[in-house]
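The following block contains the structure, expressed as C-alpha cells.
Think of it as A, B, C and D in the order they're written, each chain with its own count starting at 1.
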C-alpha cells in the first residue's frame, strides 16, 4: 500500500522526528513538507542525516489551498497556531495534529491510541495527546479504570528533557544556563491540565478537580518521567496486575518491576510504567516514561495515523530505543 | 584565631568539598587529612587544583588512637561506617559528622543550623543533616512552625545530581548510562525518611506519619531540588511572608518570587526557597534548592563548625554560587 | 532470505547496538546471544526497550563448542579477548569481529567497507575497523588516494563520547567526575595507531611513520569527531571534489560544505566528512564524524555482514540519525 | 586598602564572573555596575546567589561621562564594542578590558600576567588576553622562550565549553541542539589568531606564519583545553623541566605529569599544563587547561587589576577549583 503523506512544521523537533520515522515506514510515502522558516531549502539542508531518497524534497511555504495530492497530513505547529492554519485543508486529506489546538475539540478524535485504539480507526481528524498527558494518562489508565485510586486527589510531578520546549525555546534555554540546572515551571496552571482533567474524568467517571501538575525542566535533550502520587488502598501487586491486564495486547506499553529509566525508551514509541503502593499510608504511586518526541509526539502520531489508515498499529514503529 | 582541624574521608566528594572550603577559611587551619584509599598520597596528588600551602599535606590512614593535636574533626564517611570509626576519638576533639550515623543519635546535636542555630553553639558532637533533609526541612520549616500545612500529609518529590551518590557510586553510575537519563529510586522507604519525620514532628508538634519521599537521579553533577506537596489553606503570599519572617536574619536562606534553579546555588552554602499555593485545592507547594555538596554537606558542616567554635556563622562561607 | 545470526558480548555497548540494528533487519534472524556477565538473563532483562519478538531469548554463557545452528556470529569482546575466544568457532560459521584482535591479522579481511567493499563480499572472517580508525580512514581516503597530502606528516586530533570506553570503563568514568570535563589520553602511542598506519600506507603507497594520534574524552555519550591536520598544496575545493568523487556511490559517507556536527550522525551508520585547506600554509584539514557505536562499531558490522552474506550493503541500515 | 571598582557588562558571563570574584576580594570594593540590557535592575535580580552586601546595587545604563568616583573599571563587552564605549572614560580611572578590542593596541599593555607580570604593575590601561590565547600562550611560553620548538610550525587544536560563546550566543547554542554534540568552527581564520601570532613571535623572536588554530564547541559549560602540536627535538622531560623552571614562582600555573582535565581548574584562576614529546617524530605536544571564565576572562582580569593597583598578584584569587 502506498499512502501519500505530508508534514507541516518540518523544521521543528516534532516535525523532524516525524520525518525520521516516516523515512522507514513501509506504507507511508512522504511527498510534501512545509515550514515557513525553512521554505525553499531541501530536506538535506535541514537534516544532514536524511535518508537519501528524501534528500532533495524541497520544503514549501505552508498554503492549505495549494496542497499536492495527499492522503494524510501530519501537522506539528505551535499550540495556538494549528487551529487556524489547518482550517482550510480539504476534507479528503486526513489530518493528524501533533500540536495542541484540537485536543478534545469538536470534530476531532482524541488520539490516546494505547487506551482507546478502536476510536481512532478510520477517522479523518485526530488530535495527538500532549507529551506530558501521554505519559501521565498511560500510567494512570489502569488504576482509574479499575477504581484503584481516587480521581479527585492526583498529584503529578513531571520532568522533561529540554527538547520538550521545542526548537523555538530560544535563548532562555541556552546550553550554558540550562546545563547542570534543574527548575520547576508552569506552577499550578500548566496548559496541559484541562486535557488531563478531561481524560481522568472519562476514565474514572468521577471528578478530577483536585488535580495538581508540576513540570520540571531537566538537563537532558529527550525524555519525560512522570511520578504520580495518588490516594487508594491498593497494593503494589494489585497495581502491577491491573496494568499488565490493561496492556496485555499493547504493542508499546510495558510494565516493569523496577522504576523506569527515561533512557529505556529514548528514540522509540514505547511507554514504560511501574507502580509502588503502601496501603498503610493510603498511597499509590504511578510512574511512567516516554520519549517526549516519540510516544509524546511523532511516534504516537504515526501510531494514530496507522489506525486512521487501517494499517497495523505498529507498522514502522518497531525500532528499539537507543542504548546508551 | 587559629583552630586546628582535620578531615577524615578526604577522597570522597564531601571530604573534597570540605577541603575546598577550609582552604579559604580565615580561622580554621587544616592540619590533618585521612582516607584509607588515598593514604600516603599528598593532597596535590588527589586535588590538582589544591591551594598551594596545602599541597604537600600527606593523607594518613585513619587511626583515632593516633590523631595529631586537633581542635575539630570533619568526618565524611559512608553511612554505616562513621559510628564505629569515630567512637574512639578523644573527647577534647570536637566532631562534625557529615555522614549519616549520628543524626538524632544520643549525645549528638542535630545540626540544622538555619533553623536551630543556638543549639549548636559551643557543642562538641554535631551531626550534619542529610542532603535531601537539608533542602526539605529548610523549605518546610516556616510552614510547619506557623501551622500553615498539615504535617501528616506531606509528599516530597526530590531530585538530585549524581554526585549525591558519592564517589563510591560505581559503575552503576557511569557516564554513558546516566547521561541523558532520569530515574526514580529508593521508593517508599528511603534512608533519609526517619530524619525528616523527626524534624517535621519537632517543628509542627504533630505526627508526620503520612510522609512520602521519592528521590530521583538527574543527569547533572551537583544540585538538589525538592518539590513538596502539602495540604493547607494558606495563600502563596502567606507562605512567602512566613518564610521571609522565618529567615529574616539568615545568612544563607533566601526566599524568591520565582521557582528556584539549582544552578543559582551551585558551589555555595545557600538554600533558596519558593512557594505556590491554591486554597481552592487545599494545596500548598514548597520548593527548595541546595548544592548537595554545599548546604547539603560540606558547606553546612563548616557553618555548624563555626557555631561549635564560637565563630561568626558565615565565616569562610560567603562565596557566591558559580554562574553559569 | 533468512540468515541465522548470533551475538557474543551481548551486554556490552557494541553488542547492544548490534542487537538494536538486528532487531529490524529483514534478512538476519537473531537466534543466539552470549555474554558471560549476563548469562541466564533474558534479553528483556538486559534491554527493557527490546523488540517484543526477541524479549524472551535467553543469554547463554559463551562456549564455542556448543553453538546452535548459526550462519554468522557478531563478536563484540574486549580487545585482547576475542582472538582466543573465537579460535574454536566452526569454519562454517562466518564471523564479524567488532573487537580489536583480528584487524590486519592473517586469515581475516579488514572490513573498511566504505573504501574497499568488494574485498568483503562473500568472506567468512572479517575484522571491523576500530572506532577512531573508521572516522579517520574515511576522511583521509580520498586525499591519500589522490595524492593530495603527504602520508608521512599526518596529525589526528580525535574526540570521542564516553561510550567509546565500553561498558567496562568503570568508576574512572563515573558521571560525576566526567560530566563537565574534557581530557586527552593515550598520548603518543594509542592502540589504534598500527591499524591506521597500515591503512594510510596502503592507500598512499608511502610511509606513515610520522603519524600522530591523540584521542580525547568528551562529556557526551555517543559520537566521534576527528580533526586531521595534513600537509599538501590542495585547495578546499580540490579536497571536496576528491571526496565527492570517491564517495559518489556510497550509501553512508556524505561530504558537506560545513564542518560536521557529531549529532548529525547519532544512532546511524553515516559518516560525514568535510575539508578546509590553505595552500599558503601548505595545510589541508580533514574532518570526519561517526557514531562510535554506529559506523564505529555495530553499524559498520552489519554493513560488513551484509557484504559477507551477499546482501545489499545498506540492508537494515537506512535509519536516519536521531535529532536532536 | 579600599579600591573603588566598577564593572561594565554586568549581565554577560564575563561580567558575572568578575562580580563573583570581586564579591570576596579584600581590597576591591564594587561600587558601580553597568549593562544596557539590565539597567534598572538590582544585582539580586540578576544574580540570585549574590553576596548580601551587594544585593541592592542597581545596574546603571553605561555612560562614560557620568561615572561615579572610581579607581578601576572592568569592561566586559563584546569584541568590537569596547573600543568606542571606553574611549570617553576619564584618564584617572584605570581600565582592565576583558573584551577583545585593545589586545596589542596602542596605549594598552597586553595583560599576560603569568608570563610578563612586571609589565602590568602600575599600568592604567591593560587588555586581557582572549580565552583561547590565555591557555595557548601559557602552555607554549616555556617552549618558545627556551627555543625547544619551531615557532613557524604550530598547530593548535582547541576545545571550549559553550559559555565561551557568551550570553549572547543565542538560539544557535540552544541546549537541545548542542547537548550530545561536538563541532569545529571558525576554521582557518579565527579572530584570536593575530593575538597568538603576535605573542608567539615576541616569545620566540621568530615568525609564526604557519600557525594553525581550530576551535571546537564541546557540550559542557566551562573549560578550555588546547592540544598543541609542535616541531622540535626536545624530550618530554626537557619540556616539563622548562615549564617548571618558567613557572617556579607562579601562583597560578601548574605543571603536571599527567594530561590535564578541564575540571581540575573549573571555577579557579589556575592554568595547568603538560607536555609529551617524541624526538623520533620531531614532535612536541603541549597541553593546557583553563576555565574560560576564570584564567580565560575574569580571573585573569582580577590578577591584572591586582598588579595595576600594586596589590599582591594572587589577592582574592586563591579559591580552589570546584570538584566534582
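The rule is simple: a contact is a pair of C-beta atoms (placed from the backbone, for glycine too) under 8 Å apart; a residue touches a chain by one contact, two chains touch by 3 or more.
Because the structure is a prediction, the values reported are computed rather than measured.
> Name the chain pair with more contacting C-beta pairs, choosing from A-C and B-C.
A-C
> Which chain lies the greatest distance away from subunit C when centres are computed from Cα atoms alone?
B
> Just give me the whole-number Å value for how far the CA centre of subunit B lies from that of subunit C.
Between these chains, centre-to-centre, one finds 45 Å.
> Averaging over Cα atoms per chain, report the distance between subunit C and subunit D in Å.
Taking the average C-alpha coordinate of subunit C and of subunit D, the gap between them is 38 Å.
> Just give me the whole-number Å value for how far the CA centre of subunit A lies from that of subunit C.
Going by mean C-alpha positions, subunit A sits 34 Å from subunit C.
> Give me the residues of subunit C that touch two or more other chains.
Within subunit C, the residues that touch at least two other chains are 13, 161, 163, 176, 179-180, 219-222, 260-261, 266, 324.
> Spell out the residues on subunit D that touch subunit B in their complex, using ranges where they run on.
Going through subunit D, the ones touching subunit B are 13, 16-17, 19-20, 23-24, 47-52, 163, 179-180, 221-222, 251, 254, 256, 260-261, 264-268, 270, 272, 318-324.
> For subunit D, which residues count as touching subunit A in their complex?
Those in contact with subunit A are residues 13, 161-163, 165, 167, 169-171, 173-180, 219-221.
> Which part of subunit C faces subunit D closely enough to touch in the complex?
It comes out as residues 155, 157, 159, 161, 176-177, 179-185, 187-188, 209-210, 212, 214, 216, 218-223, 225, 227, 229, 259-263, 266, 276, 278, 281-283, 285, 287, 289, 324.
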